[in-house]
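Common to both upcoming complexes is chain A, partnered first by chain B, then by chain C.
Showing the complex of A and B:
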């Protein structure tokens, strides 16, 4: 609906210059995943174009195609209205496309001038004084105050980014990509970068700003595009963005990011909450849990999960969901508070002890920590049971038992693999997920944590995984389902907790109106 | 029907084995070829040089016995490296672990030998060398396990300390008062490791073979070995699976250092009988490339260690006759490593093309 609006309104003054870069049906595939699915997008001079989307939505792929690092598999790229591929990073620079990443790309031990003179031919003598002058001038033009002779390592991250933007301008950039540039900045530096973006746009540059933070998107953007699972699901055109107040705009974006259906429209079917006996003793209880070690510290997390219940955890990615999963599974230490499983404290136990008590954790980092990619699938199925009978006896491997287990799991979980000896890293994402599910759902589980269980999977595998989640709950386990897909949470969970900056912003019963309440909690409106 | 399936299976297996042989022996042949070219540039006839090398190292009776005797300690070093490398721990401190083990073994065994049965003396000497080798590996072990310090740096640094310490101990503490040369007391020949079947081959060879096969078995067939391989294959997965990564890390260092120390002990108990000041054969760093060539496989390592033994024993004799220094063996090994890298590159490329 909004998509159509975006296209229909184009620009009020439609006769001006064509967009610097335009994507027409651009598609990029990786093995087993479509990272960008026929994307149409325009990047115009004088506009800050914000790209929003969860991790894995396809933002990085889009940026790498803009900066010449990747080539599309389909569709056209138009530069200034003329079809022209961006074949390499140096071609991107020629066109005037420059990228600033969240991590500084300057050499810390060199001064800013020295950094700016890098990349010339080795036989040319760098003109430091001249470069310093040019740098100062460029900085002044965009209202940045920097000392070209300062050693990069002494500057804050925000100042380094300003220097990088200045350097990009000196090289004649007219198209600046800021890839999660505010992610590592302090709030003050982030605000300063926001102002700088506005000034750059006023100078006539095209700015592409990628962020997770909705308030930044609404505050600094002229145009917002939302990506979801590789598709552009909609966005806000400049005039729409101007007429909405920030809160309305935020709500609109949340709606685009997390659900396609209308918030006030017909409600979907909810899981039957009457099967959960809230009068019974809860299986898992978190009592004022704090965990300070992680990147997003957990603060005062409190909830209960009953047997057979699915508790959904909603929230924008990176608000402490992973820390929560790791704290319960034992991978991250609790700094205060207690975790109770079936009436016994488990917060001092090791990962292995908690697993023995029935804690299962299906990680979303399937190749990073879930499996050893080079090991056969049959061994990965037993990675958490090494040394246990019947697969090992007296410390010795029992190959037949291990093979038998693998064959059974292949049938039971419909794992498509050339052989049980195939290295797990060679399987598709969906089949790796099945290996993880087969491993974690074996034996008697009491608590199962699913972290983004359907992320990156195709439709058939999503359905299979969701069926497993329901089955786990039906067998009497307490299930914690962490997901960034609101539709999935609403379809599966009995209750949904919303996480925001390491806290639980609220817990909502999954009944009519839940979508709206959760949306409000996520955008911070309920605070 | 089943027959044809089996034959194609067998055919595939044969081709797979052939491929592995090509990948292992191809680089070896190329290395000899290129070393020969270098010899030509040095105006030495490569055929006569390698004739001397293999004539001495492989074909003469005394040479073969020297080759096999030298293999004992080298195989123990290879075992030490395989344990560590398969667990993803780059223990490059084998030289110091070897020497520290050797020095303490050489200091203690001659003193014990007159008072105890020979077998007990040898057993105690071997145990001492293994224990001190393991102890020398513990500093990098703790730094790696609990502070995350890169063990490549720390083990290399511990080499400088260990090699100097060995010298200092020989010169100041364990000095044999009966000689003026700075060296430890010498273990009497009759108290040393027995020789095999009336030859001069030390039974250290047997110890080495047993050790490397035991390590190979441990790493491929036991739960403990699998845990170590998980840590080596993906440390985050090891944490996620609830393995006690720091403890396993320390165990790896202790086993690896212990085997390297035992290698020093076997060299003393079987061949040398004493340690001279400033003695450092630097076996460990020479064996590192061979273990890579063998792709951490125990059986393949036996083959490469044997080849290296032949080359190094043969080179000593060829050096006298042709004037090409001993170290030319290392040139051959160096070229071998480069050839290995090239063949890895091409096989990776071929696999990619096949996939």
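Showing the complex of A and C:
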């Protein structure tokens, strides 16, 4: 396989070899969204090509088209300069494209050797000894140490990925896709994978590395492409990446990822911080909070939120924002530290007790934990008050009270629904969000946590939701706004905290220059 | 004790084989299907399909050999519905399985009624193969080594399946289809083809088990005659954790309970027959209580595979 590669690069033609895979205007639509909007991209041998983007930016769709799992709706795919569709995973393998997914694609109950022989003709006998030797040889060549006879389920995620990469090499891969490969790895394993990527590229392979960690992208990539809302918004070519120092490169990528309407750094409108009385008693206070149960453990989180203040939480997705929201709302346990609401400890309270004290959580998982899709809208509006008067009396539903409440909320929050009996799952994303807002903002709230409140909404609904966030703060509640949209945070928040790997990297007053400081904190440069 | 005469023991051990073979075939079939990720609750229906078609062909052609082939075909016919609905169309495996069982119960009873009305024609005895040497051992010899060829075939399936599961790519593919279908798919093999094969193979084995019940065991076809053997097969497959040999042990255990129930009645032991007939099912529950807790089932069992869904 590598011989073929050397021949390809040593081709006597005057121009350089065509890219192994090239996308020309590739488009993929799903019902309701354009996941990939006419993407142009090249993947060359000997290069680590990093795809960066937030969740929902279209990275996964792009990968599934490269690996043959999905077919584009428009545009052309060129393999070695010749137009050719990647019709199925087996066709991708024939071309030499191998994918290592975020979740291991090895059968846990089989040994590594057995996994490596999967896919051969069924009547053949697996040659365990021979395959094991080939596997060891391939592993050694790329400097990986593995035991081919180990049962996959007993290995760590890092080891499984190394095995998957080794297996791809054995199959003659010349194009390796690493889909969010470092997302679940420990920092050490991630660094090891980075080194491995460099070695593979040096051997002449094309590596596609999908991540949303900027430091990894800059450290391991030869070429960076940034996706945003299904579009390729830019990137750094190899020569640019070589000339820039890591910090400049990171800044450039941050700019591409989060967008700047005014790259010149002109004045932006900030919310008026004078409305917040910092001399008063804070509504919510987190004191050295640790929460170790989640996937991203929270460490030493400390901040205060005053009445009427909006505290933005910035950070690249998956750095502990969701854990923070769940820890405050009571859905995740606090392992150390205290949470104080209006001078009283709430960290030992249940979710229900905290809600009674005025803690509200508008989740981003709107159809998962936010609503019951098959229940009518009217019941979803009361999901957290089931059994309580006046909607339930003596355990019996009071249909008129429930309907009356629903009708009122529909008008107040401008929920567009065919009827109040419509199952909430049938509504559009924007209207489901309005149902959630109507439910969470009802009654007297003291702390409201919004998690990615405008994610996936259209402009009108974004505006409506942002108005609700401002109103919640105006009514005197302490608001925590978690978002990955920097523009949104800058437009709404009084202060912005940046989260990085489960810690607060810093808290910035929202004034001129905040954008730059936040960008620096996000990329870990300020450490 | 006068109860344990030679004749009683021979009858008891022969009874274990007679009752155990359908269970063994059902358990092995279900195991194949479950390994590939299809929870086959329709196995009882496949067994009835095999029992009916096997009996009918054996009666019509007066050939037990063709009868057994008919049984295999009958099981596969019902299994092909399972393939269509659950593997190809991805419908709920449990609902379809129950529907197939109920449907096969009704269909075979109706067909039998239309053809034979209230008559229950009896097949002549099935020829046995006497294994020289082994058949001369006292008690065990006549009970186990002078039997119908299907008995030997069923037992021979155990090492054959062990070999397939452990020594062939087919076995690896089947296990991958049940544990991580996406891995099999991305390795370039068709999950649907492997699962279809497994369900049809299950139907063939189970149908043969059904035909054994009607052709060898009873010599007649009676509606609903499989009474729960298929379901015990599901229990066996679950407890065996993917090992064919354990299915054999389980089939012998349950076969012994069933056989003892009959033998005790024949011997005139003074226990109410209802209590005696409960024996196998009490055994099922006991075994489930003791060993069911640790049953390790394939990760993707019961889930239809759709490419690209995670």
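The rule is short, and it goes like this: the second predicted complex is superposed on the first by the 480 of 527 C-alpha atoms of A that agree within 3 Å, B and C clash if a C-alpha of one lies under 4 Å from a C-alpha of the other, contacts with A are read in each partner's own complex, and residues count from 1 in each chain.
Everything below uses one rule, namely that a residue touches a chain if its C-beta (ideal position, glycine included) is under 8 Å from a C-beta of that chain, and two chains touch if they have at least 3 such contacts.
The structure displayed is predicted, hence computed values, not measured ones.
Aligning the shared chain A places chain B and chain C in steric conflict.
In the superposed model, A:395 lies in contact with chain B only, and not with chain C. Once the two complexes are laid over each other on the shared chain, residue contacts for A:64 go to chain C alone; chain B is not touched.
By the touch criterion stated above, A:110 is placed in contact with chain C alone, chain B being left untouched.
In the superposition on chain A, contact of A:118 is made with chain C only, not with chain B. After overlaying the two complexes on the shared chain, residue contacts for A:162 are found with neither chain B nor chain C. Using the contact criterion defined above for the overlaid structures, shared-chain residue A:251 touches neither chain B nor chain C, since it reaches no partner. Contacts of A:384 after superposition on the shared chain: chain B is touched, whereas chain C is not. When the two complexes are superposed via chain A, 94-102 is the only one of 4-12, 76-84 or 94-102 in chain C with C-alpha atoms clashing against chain B.
Shared interface residues of chain A, touching chain B in one complex and chain C in the other, do not exist. Those residues of chain A that touch chain B in the complex are listed here as 330-331, 350-352, 354-355, 361, 363, 365, 368-375, 379, 383-384, 386-387, 392, 395-397. Remark: chain B residues 221-224, 226-227, 229-230, 233-234, 236-237, 239-244 touch chain A in the complex. Here chain C touches chain A in the complex through residues 167-170, 172-173, 175-176, 179-180, 182-189, 298-299, 307-308, 310, going by the rule given at the top.
Across the interface of their complex, chain C is touched by residues 64, 67, 69-70, 88-90, 93, 99, 101, 103, 105-110, 114-115, 117-126 of chain A.
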